[in-house]
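Lettered A, B, C and D in written order, each chain numbered from 1.
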Amino acid sequence: MKDIMGIIFTTKDDLSLRELTSARAVAALPVAGRYRIVDFVLSNLVNSGARNVGVIMQRNYHSLMDHLGSGKEWDLHTRNNGLFILPPFLTQENGGEYAGVLDGLRANFDYLRRSRQELAIVTGSNMVFNMSFEPMIRQHEKTGADITMLYTKVRASNMELGSAQKHAHAFLNVAEDGRVVDMEVNPNAASYNNISMNVLLVKRTLLIHLVDGATAHGAHDLDRDLLQPSIKCCSLKVYGYEFDGYCRPVETIRGYFRCNMDLLDLGVRRELFKTMPVYTKIRDEVPAIYRSGNSVKNSLVADGCVIEGSVENCVLFRGVRIGRGSSVKNSIIMQDSNIEEFVELENVILDKAVTIRSHGRLIGQMQYPIVIGKNVTL
Amino acid sequence: MNDMRKKSCIAMLLAGGQGSRLGLLTKVVAKPAVPFGGKYRIIDFPLSNCANSGIDVVGVLTQYQPLELNRYIGSGAPWDLDLTNGGVFVLPPYMKAKSGEWYRGTANAIHQNVSFIEQYDPDYVLVLSGDHIYKMDYNKMLASHIETGADITIAVRPVPWEVASSFGIMNVDPENTIVEFEEKPKLPKSNLASMGVYIFTWPVLKSYLDKDACDPASKNDFGKNVIPAMLHDRLKLKAYAFDGYWKDVGTIESLWEANMDLLKIPPEFNLSDARWPIYARSPVLPPHFIGQRASIEHSMIAEGCEVNGTVRKSVLFYGVEVEKDALVEDSVIMPYARIEAGAVVRRAIVAENCVVSAGCVVGEANGDIALVGQDTALPEGCRVLAGEQVDRLDVARRRHDAK
Amino acid sequence: MNDMRKKSCIAMLLAGGQGSRLGLLTKVVAKPAVPFGGKYRIIDFPLSNCANSGIDVVGVLTQYQPLELNRYIGSGAPWDLDLTNGGVFVLPPYMKAKSGEWYRGTANAIHQNVSFIEQYDPDYVLVLSGDHIYKMDYNKMLASHIETGADITIAVRPVPWEVASSFGIMNVDPENTIVEFEEKPKLPKSNLASMGVYIFTWPVLKSYLDKDACDPASKNDFGKNVIPAMLHDRLKLKAYAFDGYWKDVGTIESLWEANMDLLKIPPEFNLSDARWPIYARSPVLPPHFIGQRASIEHSMIAEGCEVNGTVRKSVLFYGVEVEKDALVEDSVIMPYARIEAGAVVRRAIVAENCVVSAGCVVGEANGDIALVGQDTALPEGCRVLAGEQVDRLDVARRRHDAK
Amino acid sequence: MKDIMGIIFTTKDDLSLRELTSARAVAALPVAGRYRIVDFVLSNLVNSGARNVGVIMQRNYHSLMDHLGSGKEWDLHTRNNGLFILPPFLTQENGGEYAGVLDGLRANFDYLRRSRQELAIVTGSNMVFNMSFEPMIRQHEKTGADITMLYTKVRASNMELGSAQKHAHAFLNVAEDGRVVDMEVNPNAASYNNISMNVLLVKRTLLIHLVDGATAHGAHDLDRDLLQPSIKCCSLKVYGYEFDGYCRPVETIRGYFRCNMDLLDLGVRRELFKTMPVYTKIRDEVPAIYRSGNSVKNSLVADGCVIEGSVENCVLFRGVRIGRGSSVKNSIIMQDSNIEEFVELENVILDKAVTIRSHGRLIGQMQYPIVIGKNVTL
């Protein structure tokens, strides 16, 4: 395995995710019953041989820091190399937020320079997918590319209706030989159906050189200010690498909801969890207990749950309790939430440690689920 | 390297024997590595007890199939025992100067590791065995040992009179001083069974181990030789009564029963007590999935399972698959086993990585516990009777006979 | 427990033998645990090389005095090898089913651990020995092994012709293919010595180990049996030339010399290279102190030392005390040794925890290296001649004779 | 050993320590060649059986966080119990600084409540001493005290001239039976010569109760608002426990300078390093190299130093280089500083990674050493 480094860029709190990101970065959002979104890309990096991973933080990063800890669960708790938490205010040039990815990279030049790996993977942190970067690295070396961009075909699983308007997405025109010949950033109607996954592979020293040049000219945006011009004027050899597996970006409540619900499909579960292992923070919990009277159908259930009621099409995180006579449908119930007796829930997202008192009732719509914030008792 | 810190008390865990009463279950793994309770191994209990009691040096004495145990224990991190000053150490027999020898008995195993123990210059040594399920604060027992000024303190627990003759029985006076020790007495005079948990004042133990090692007639066993010798010399032996849940899981029946105890309401043994957590090495698996046509009754299910059939009063370990129209009842299904469509498993233990193929019938609704040994793939339509034990060799033999 | 991840290459370190050429130094510690360079142990070099090369599974095969080694390696944290997927494992011989056996030779040691290796399903196995000082990127050697499609690649290094007859010598063709291997030839045809670093394609190695195990005449040794058999069968054996610093520290003289190499300007072997750090378990000690009347010339001094005398061209390990008016010259003083007032130590190795009392004279200005073995307290006025080796038993004997 | 918890209170940046604390908490100040001040009290706690230690942080805590890491070097990297970094802005009640210790404790009630230990030791972080708290705990249990305060006799080693004016110190009147019968806070002239070491032992639940009551009444200061009144009106049984070993508070540049110089005394070295081990962050460094031409007298030298010049009455931290012909006297040279050739230094404190170019000359006074900030090249 090639010794590579990873740089994960976390985004600031995102209004489209409402209460869920009011006190945490998107990367720290709980997903799939026992993970945080960042676990996927971090595990991908580790599984591809990265022993040095930097996480560029912005505001609201405490829950993410708490989750990542010393990096032990990813075998990144080593003294040389390992996991580096890079909070913004460690530098004097920044005040808690970056204008764009380029600024975040610029602020962490010390870390980039000190690292010893030849190749770097720069990636966002809101994409759920499971993939080894090794074939992409082999292609990168074979083509002699300066930059290799990861992309996928536009599909139901990787786009949300209307999200292109709201979120900066880049679309690529990739030639037969894999070379990227055109790039559209955030178009109203895209001309190409190759969507960038915001993962790029580049030589570490070239990355430093490119970021230095771009930021010195006042640029902030990686796609618009660095990649697009380089492709347009052919100043760099930019190649694309296609990923054809399951991937889902989490940018809106609906996207978050669908991402969880996707896991009720056996094919998606296999792709996400059997391709390569996905690591996460360990919590010592007893296996789930099913008491008499329960009825559970088509649901994902984590350790520590105790179920007496009925559950259908749900994702239950660790330590959830579903009381006698309660009925929970099409819902996502995060860690340690407690549904007392004779409660009815449908199309609901409960954040961590929510309590719904006996006989409570919350019915949302599939297209617009009800979200209840952390620690609330209703 | 002589900057080891003194420890007041360290633990030595006898993980040794082959545990033949567990039959095929211990054919490829050592007894302490046998799975229990959906995600644990037997050794998680003494190790978690040590960690929760603040005892942070644990020597694990083993000579039989240490690979799985070694790998399971690893750096000790799951039990918070990956320490610079202390930690958990697997101690197989080793060669000194020109010679080496296997462990001959429990006492000999400790005796061969005197230099390990003396690194920590302990005042007391806690000796544990690796085949019981219980939660116990060894620190309280140590406080009692220190307070009474005993040479040995032995943890005891009342057992039903009718089974007392299968235990080591302590006869005590009104001050809890042990006056007699009988190993599996025919006519027990007391029902206080030794729990296999001893605290020794180290200099006393050391001198008796030295003496025992010089006696060619000795079997070098704590129960048979060392403790009787101490009693004979009128040393101060104290019984420490423990009244919590404690179960010897040395047989197929008792291992099955202990798993079933977890399902009772309230559970006879509560694993989810934040004040006394039981740690385990976690598998890297997603939550389990319960399918549209599944039905679960009164069961415990760990992560990574895929359940599409019917599960009643059973414990499913992580990574187990129960296919549609399969039935699992009153059973313990160990990690990564697969119960295929239409198979029926009743009152059985199915060990790690087994495949119970379509149409198989394992165990019977009333009868002794059936056992399918590790890595066994039962062919379609195969029958395993109540009380029967089957492994891959048996399957191969049956195949051969059928030809 | 079958969620182990595949590893492309894992390392097996032969830490085995008693290293009798190191005399009293290995009487109580295994050779790889012998101190080197002020704060290291010999095993730090292969372990750091593995860590820096990205090889994160290391099995350490030992059966002799594993306690010190086990304690030194601990959880593997100093070498960044305390991993969940991988790490460093001390592997003594163990009992399977009803029987067990000690390691009979280097090849047998690997053969007994086939199931350890197969847990990781490796394509290649790196076999290392534990008695050399060097910094080497095993990953580059692996790349060459893969590129040439070899069955084995053996690292070789040119040695002076006059000593070639004391090494395993490889005779190669112009394409670096090994055509002949001679263990300590009287009349060497080449000066390419085997460094004791082998990369095997695992399925090939496994089949030869199986074959070797069935041959009752075999000594089960890589150099004597397995590699000759592979050569005989015309397998593809490649030599991989390494031209950095490499020193066999298998004798008292060479161990002393390798320490002295660190003092040369520029050092023949540079330990402080941030791109290839050598890790060690650090003692818990403050910086060292140099007193008002001390004089230090051209030396290396580790933390925790207290120096009040004269030290010239020497290496002082951590925790050493040199009292006033004592002289240490051309010597290696190992951890926690104390050189008392007025004692003179020249061209000597003083091992761990020794006391050289007032007025002692150890070694001579010109002559073979003298050795004071571990834990020895030389009485006042004692003399140790050039080339002499003394330990606590000798001291006791001398005392007895003097009476 | 009793299972106790420790709570270390770090102070904000202190002007009396000039440049040395402009970017770090006093607790993170390098001392004695390879330590940070906090190492001493943290090792004392660990050596006394504490497996759960919380460090209450204030502003400027990054270097301290970096030093403590996951707590591995103190065997506090465990998942249950372990080392807890408690930064101020984790709570909504605070804005980066506490008005007093009481507020810091109040803000961390969650942590205090979640902890399971019966006894807590609350301690400051600017005191250099080596001591087992076990005898103090035994006395506490024997006397049935509510609170036991650690104190020492006023001596040259634990007081700095005039520091009582600048820094809040408390003096205790301790009766024959150990009971504290009077307490003076920050007097111009103290009536008693027992000075409080700012270490107190108290039942965890009682601590929560007392802090809750005091802060609810608007109190901030532990000494003045809680301990003093309790002693005055005998509402609590407060006992004193005397420590008679070496201890040195670091509050001013002079105190810092003297603390380092104290270590050139064999007796102080023995007390500080042979009583119980002092743990610190590990750095892989080669032993120090003495080249020909060096002359080193009465100095403390850490691993990684390379010395060709002359050094007298100095403390050299890890990785310091003293070039040919240079002379360094009565100085403290921190990690990775580089003294080139023919330099002359006397009564100087160089912070980390300072370079003094060839033929440079800096002569300070013993009473007012010259301080050169981090990363400066002169």
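Simple rule for what comes next: a residue touches a chain if its C-beta (ideal position, glycine included) is under 8 Å from a C-beta of that chain, and two chains touch if they have at least 3 such contacts.
Bear in mind the structure is a predicted one, so any value in this text is a computation, not a measurement.
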Response to the item:
By C-beta contact count, A-C versus C-D, the higher one is C-D
Practice prompt. Please flag the chain sitting at the greatest distance from chain D, going by CA centroids.
Written response: B
Response to the item:
dist(centroid_CA(chain A), centroid_CA(chain B)) in Å evaluates to 41
Discussion item. Taking the mean of the C-alpha atoms as each chain's centre, how many Å separate chain A from chain C?
Written reply: 46
Item to complete: Among the residues of chain C, pick out those that touch two or more other chains and give their numbers.
Response: 3, 77, 82-84, 277, 284-285
Worksheet, complete the sentence: So chain A residues touching two or more other chains come to 72, 77, 79-80, 277, 282, 284
Worksheet item: Can you list the chain B residues touching chain D in their complex?
Response: 3, 5, 8, 54, 56, 80, 82-86, 139, 275, 277
Worksheet entry | chain B residues touching chain C - in the complex, by the definition given at the top | 1-4, 27, 62-68, 70-72, 74-77, 82-84, 87, 89, 92-97, 100, 102, 115-116, 119, 283-285, 335-336, 352-353
Discussion item. With touch defined as at the start, can you tell me which chain D residues reach chain A in the complex?
Written reply: 62, 69-70, 72, 77, 79-80, 90, 282, 284
Item to complete: Could you pull out which chain C residues touch chain D in their complex?
Response: 37-39, 77-78, 263, 265, 271-272, 277-280, 282, 284-292, 294-303, 306, 315-318
Worksheet item: Along chain D, where are the residues that touch chain C in the complex?
Response: 32-35, 72, 263-264, 266, 269, 272-273, 277-279, 282, 284-292, 294-304, 315-317
